[in-house]
Amino acid sequence: MSDMKVQIGSLVLKNPVMTASGTFGYGTEYMDFFDVSLLGAIVTKTVTLEPRYGNPLPRIAETPSGMLNSIGLANVGIKRFLSEKLPALSTLDTKVIVNVAGHDIDSYAEVCRLASEHPRTDAIELNISCPNVRQGGLAFGTDAVFTAQVVAAARAVTDKPLIVKLTPNVTDIGDVAMAAVNAGADALSLINTLLGMGIDIHSRRPLIARGLAGLSGPAVKPVALGKVYQVAQKTDVPIIGLGGIMCWEDAIEFFLAGACAVQIGTLNFVDPQGALKVISGIDTYAKEHNISSISELTGAMIAPE
Amino acid sequence: MSDMKVQIGSLVLKNPVMTASGTFGYGTEYMDFFDVSLLGAIVTKTVTLEPRYGNPLPRIAETPSGMLNSIGLANVGIKRFLSEKLPALSTLDTKVIVNVAGHDIDSYAEVCRLASEHPRTDAIELNISCPNVRQGGLAFGTDAVFTAQVVAAARAVTDKPLIVKLTPNVTDIGDVAMAAVNAGADALSLINTLLGMGIDIHSRRPLIARGLAGLSGPAVKPVALGKVYQVAQKTDVPIIGLGGIMCWEDAIEFFLAGACAVQIGTLNFVDPQGALKVISGIDTYAKEHNISSISELTGAMIAPE
Amino acid sequence: MKQYECKLISQQEVSKDIWRMRVYTPQIVEQSSAGQFLHIRVRDSIAPLLRRPFGIHRIHRESGELEILYRVVGEGTNIMKTILPGDTVDILGPLGNGFNLNGNFNTAMIVAGGMGIAPCFYLIDSLLELQKKVILFWGVKTSEEIFIDVEILKVKGLEVHIATEDGSMGHAGFITDPLSNYLNTCLQKDIMQGFACGPNPMLDSLQRITKNSAMDWEVSLEAHMACGVGVCMGCGVSHRDGGFRMVCSDGPVFKLTEVDLHE
Amino acid sequence: MKQYECKLISQQEVSKDIWRMRVYTPQIVEQSSAGQFLHIRVRDSIAPLLRRPFGIHRIHRESGELEILYRVVGEGTNIMKTILPGDTVDILGPLGNGFNLNGNFNTAMIVAGGMGIAPCFYLIDSLLELQKKVILFWGVKTSEEIFIDVEILKVKGLEVHIATEDGSMGHAGFITDPLSNYLNTCLQKDIMQGFACGPNPMLDSLQRITKNSAMDWEVSLEAHMACGVGVCMGCGVSHRDGGFRMVCSDGPVFKLTEVDLHE
């Protein structure tokens, strides 16, 4: 029997597959589709201090093997999140990672503090990489100095495992990663969406009202894998890999590149049971290859020439 | 009748569609497949001072709606290029843009000078964005200061139109674009490939021997469009758009985002007649919409909210 | 469970570029109500990546089958029409909230524009089961889109009004013209309930026409969708409260007065 | 012109996961020689994006048809096998350089491993037309892969040696064992020409076996390809001069002694 357990700092997951922020709502929406407790963890939609309606419409569009979104962190706000959404997950037998964002350092710290206080919160994921908001988001995640500041502020207010979610839209992701690690991140998750655009040639309008948006899905998988590999060369902090995972083979690629766990994003929309199929595929693979612990795969790629 | 002519500095093309460097060899290979003179221009494979065998094998792989390559600027060297390859294009009724690269500023300048001296060279495209070489390439293209230096050096040795080809692997492409423009670029072409990776889970080796490689094809189209749009907001210098163009509709998207011409890369491999289909598609579209000059489309997207 | 591998029973082009697909899926048939929709993966591939949403056109309780009526417009529907009898289709459903048929009305007025007719057949069947009188206003570009013999509908007891933009059948012009006339002359609006499904300009004009009317209208909306189940927050529609509602999970059926169709 | 829309004539599974596809393409048939290959777009979609290369299995000059023999291994071949008779297939070809049949030899020795047999049938037909004697060494994993009755080949005049890895037919083990024995005992190597097509380990061992032999060998190689016509520089093979050659445009047939198959 192979052991699917993975450890991310002090956070222990029963298996290395979670659902990614913004693609799994508040964790309850897919309960009609499968037993959500089978997941390694759920990462909730980014929550901010105040409720947000999000960006103007349209805000999603399909692209070749991918999709663009500019939801703009639409969410119910931390208050309703803590009183309505988190409690609905109380009986689930899986970990809950609360993804948070702010528009400045104080609001990042405050939402992080409030989310950490709730007993159902097993870990915090700090979203410093959303391309779809004017303040916060990318402005932090593309700058090592800002990254250090916001991570330090979050670290100061939480003892729960702190995961920092990185953007691929940078010249050198290693710099930003090291800034986050040095400021106290327990783990890194990458990638958030790639900046991209599409245009409706008939209306001559951008496919997404705001113009630039975030690209996800299988199209970005090679970019995501490359970034995971680059960051893994720089730090031993646990890496959670995501970006375009569509099947268990993709997940194994991320492990080999250096990730100890993965998140499933866009695949949830395509196949709600996709995350489960990834879990059982990894399990079968591990058994067939006599892998006693999944963590053996992390970084096990044979180094390039 | 619509006018397909476009002007890129002093370079006039009969239509706005060229074939991209590295995807059309030295211009002769596809002569068995169609009349190459119908193209707006040919951009030749990057040529360096010395011949290069390129990177270790394997050096191409397929990805979701894209491909990775790490050819590593395999080429015959400027000497054989000028004596054997360019002359073979002498009777073609299309423009020839010679793409060049070096490993330091001097070699960039020297190869640029040699290429410009040849009468068949209609313009130079400076490749400061190849992700697959240790020296030169990305190291220049990701840094505004280096970009300025290498462009200035090239500018000093050529009077021919100078196109600078940019990489998308940067935090802010606008910075690099402005550095190139201020240093004397007549036009910008973007994007070169996105950095990415793939792993063969059976052998546990990277799909590409060198590990990281360059991603191209429809998967990257949204990223390319976004970059063209971002650069177009910063400068009025002509922009040549490329990255994932598979059909004429894609080309129109690039025009609307701010490009005055496009290049066809990976599509050549998928459909050697693809570039011609793009040309006739644009032509039909222009006629149907009573567009008197294709350049009317450049930047004609309705601004986002 | 709301995800099913359904066997395709038949596939037929009922009019130019309008196809009817019949699948065997007793669970969805059992759980569904008129106005709900399905989210279909047209093939097991990354191209196209996303599912495609379609209303339920008709259900057949006895056989456990349902029909989808769709227009071939782009990549997804062009692939969908090539699925062969015997193949399986991956379907999420039934999704969203259907029409509310429990209101205190005896006559239903249905306005369908273009492919908006698709879910209206399920709606009509449900209304007739409930013994309601049904008045159908059906607008199309050209009479070729009227894929069934209108007499059949009349035999069922429906009052049918047709408008074609090219004048090839019924009123020449938009369906909202005869509708507007009808509403101006009709007196018993309080015992009527309106249902509408069609392109945004039609619904927009319906909003104008009915502004001062006592009648309640429910409308089924369309939006580009990713998840179809309310998690991606992509398929918003502007709400009169200033925010957005999700078409997939808050709709696709809304009260006509609560949504802003202007943009 | 080297790009053709070819009508598919037939498609048949000749053995487990091994398919034979026949297409009508008189121009390619006319221009081709044994050992050249085709570059096929398995469907008009971005998934999969790239073409797939296949050798020409047989040609039929009278009918203008050719056959491809292929193993279903991944996404592309799984789609290819679903192309139906009457559909068109987008093919580039003939590409690359075929076998050189003009040498001064009277006996041809062919070594085929696995799907390496595919182009060898065209080669055999061509050799027989030239009145050469043909000795075929055919190695497979299991006898199920021997998709034709070997007696038919013998009737044509071939000398046939078979090896199966599972011992279900002929020699139990690799084909290079009987080949090696044969070469050790055979005396007239100077009037023989060798041809080989198969997996790299087989060719690698062939290189070792034949190192001190007087016989000339031509081998057909495989490599992952993008363009198939020598422009992308992707499909390199290491050359003894230290650099690379392109499998698509310099090959796929090379002299056994000029390439390095070790990596």
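Per-chain numbering from 1; labels A, B, C and D assigned in written order.
Just so we're on the same page, a residue touches a chain if its C-beta (ideal position, glycine included) is under 8 Å from a C-beta of that chain, and two chains touch if they have at least 3 such contacts.
Please read these numbers as outputs of a predicted model, since none were measured by experiment.
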Contact steps required, at the very least, to link chain A with chain D come to 1
Separation of chain A from chain C, taking each centre as the mean of its C-alpha atoms, in whole Å: 36
Using the average of all C-alpha atoms in each chain as its centre, how far is it in Å between chain A and chain B? 34
List the centre-to-centre spacing of chain C and chain D in whole Å, with centres computed as mean CA coordinates. 55
Can you list the chain D residues in contact with two or more other chains? 46-47
Going by the touch rule set out above, which residues of chain B reach two or more other chains? 56, 64-66, 218, 246
What graph shape do the protein chains here make by touch: line, ring, star, complete or other? complete
Could you list, by residue number, the parts of chain B that touch chain C in their complex? 64-65
Residue set of chain A touching chain C in the complex reads 22-25, 29-30, 32-34, 45, 53-54, 56-62, 64-67, 69, 71, 74, 217-218, 246, 266, 268-273
Given the complex, residues on chain C that touch chain B span 46-47
Show which residues of chain D lie in contact with chain B when the two form their complex. 1-3, 41, 46-51, 90, 92, 223-238, 242-244, 249, 263
Touching residues on chain A, where the partner in the complex is chain B: 56, 63-66, 68, 142, 169-171, 194-199, 201, 203-206, 208-213, 215, 218-223, 225-226, 229-230, 244, 246, 249, 252-253, 256-257, 300-305
